[in-house]
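Have a look at this one.
Labels for the chains are A, B, C and D, by order of writing; each one numbers its residues from 1.
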Amino acid sequence: MKIRVYYEDTDAGGIVYHTNYIKYCERARSERFFSQGHRPLEGDASGFVVHHISADFLAPAFLGEMLEVTSRVLALKRSSVILEQDIHRGSVKIFSMEITLAYLSESKVRRIPDSILALLDIEGAF
Amino acid sequence: MKIRVYYEDTDAGGIVYHTNYIKYCERARSERFFSQGHRPLEGDASGFVVHHISADFLAPAFLGEMLEVTSRVLALKRSSVILEQDIHRGSVKIFSMEITLAYLSESKVRRIPDSILALLDIEGAF
Amino acid sequence: MKIRVYYEDTDAGGIVYHTNYIKYCERARSERFFSQGHRPLEGDASGFVVHHISADFLAPAFLGEMLEVTSRVLALKRSSVILEQDIHRGSVKIFSMEITLAYLSESKVRRIPDSILALLDIEGAF
Amino acid sequence: MKIRVYYEDTDAGGIVYHTNYIKYCERARSERFFSQGHRPLEGDASGFVVHHISADFLAPAFLGEMLEVTSRVLALKRSSVILEQDIHRGSVKIFSMEITLAYLSESKVRRIPDSILALLDIEGAF
């Protein structure tokens, strides 16, 4: 998934504000679902929540650059999934994150439904 | 209401990103309600929505500055209210906005409840 | 310019937070320049700043929706330009804004350079 | 440092968007410096950048809540510092993060100046 860096993403240091790399990764996860027509229904209280993040900030990104987010499944458990999500500018990796997502329904941890697993494409990268 | 400018509020131009002044004004409106213990209940589909904004950006603000948002009611109608909200840095006005808020319930325009009017303090400024 | 609504763009009311429509319009303006290879140099203190916004919020947008931003020049002056920028979801206009941008260099209002005018495509829409 | 949750901080899931906890921690770090009168000069290319984050999201926060960020130094090296930053709602810890910050000047890792160390209050918490 390609992401352009706009003014809103940068800060007075002239570079992308650190939390925005993590936002870009969330866009890539959501786009995986949205682009397949899956969208949370209003009032539907099930979905993934972020449980843990371990992130390395390897190099800064700048206004106007085009970045690319890649994602792959590292581990799949009954009610959670661990992804590696990287951000590259051209061939240079500038950010890398391991993120653990837990599947909740009505605020309780639940088994990930098969319909969701099908959208996630466990075998491949996205 | 005092608001500090943090890195997240600035952009690569070294100044506060333009939409953030409008965010600061929303914080001041919400704080008016939150500080009096009023908070939207989950699933409650009533509240004010932004209908129109007319905003003048008079001078830039910079990282680390302390700004002040002031608000006053310009006009009150059955189901909407018009506010003037200004932002000052010390004695210098850097932003001024007229904003029209409509009161909705279940996606329909409704009369503003008396309980809400009481919190708004129609006579005074906040 | 197509823009997808992600979680970061929505708020607890279940709709896109009002200032984000204005951010989307800024993305469209910047994309106009970035996609033609124009990017502000570091330390370059010239560019457009937002002077005035008059915005109508016509209908809410929701998580996962694909929106489209259109822009056209309403008026061009020596050192400023007025744009109309609209946001549609399909054929429904949900947001419309008139924005006045002033061209500054070293914090002073300046004549818009011809090189910038060429990128802006005064005659057409973008 | 107390932080109020506003609409801009929440998402359509009705809770605070995950990256905003990390933003709150950055506000607390910056406030440590700003409140002592230290503010980066324009064109000054030295300061801390985020190198690594390991974060646990323990419980959600909701619109209108008042949160508290606490910070303490876990380790201090020549050119970097590791902080633990926690967020509580009342007595409940809802977020905990270890963050490694590197001190850069002119894009190169440098020894942290004594003037900065003095502001950081290595011994205590902030």
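Assume a residue touches a chain if its C-beta (ideal position, glycine included) is under 8 Å from a C-beta of that chain, and two chains touch if they have at least 3 such contacts.
A quick note: this is a predicted structure, and the numbers were derived from the prediction, not measured.
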Problem set entry | Between the pairs C-D and A-D, the one where more C-beta pairs touch | A-D
Seminar exercise, completed: In terms of CA centroids, furthest away from subunit C sits chain D
Exercise. For the homomeric pair subunit B and subunit D, should the interface be classed as same or different, according to whether the shared residue numbers exceed half of all numbers used?
Worked result: same
Problem set entry | Between subunit D and subunit B, distance of the C-alpha-averaged centres to the nearest whole Å | 27
Seminar exercise, completed: So, in whole Å, the Cα centroid of subunit C is separated from that of subunit D by 32
Problem set entry | Averaged-CA centre spacing for the pair subunit D and subunit A, given as whole angstrom | 22
Seminar exercise, completed: Residues of subunit B that touch at least two other chains are 7-8, 12-14, 19, 23, 26, 40, 63
For this session: Show which residues of subunit A lie in contact with subunit D when the two form their complex.
Result: 12-13, 18-20, 22-23, 26, 40, 47, 49-57, 60
For this session: Over in the complex, which subunit A residues touch subunit C? Could you list them?
Result: 4, 6-8, 14, 23, 26-27, 30-31, 34, 39-40, 42, 63-64
Problem set entry | In the complex with subunit D, residue positions of subunit C that touch it | 7-8, 10-15, 17, 19, 43, 62-63
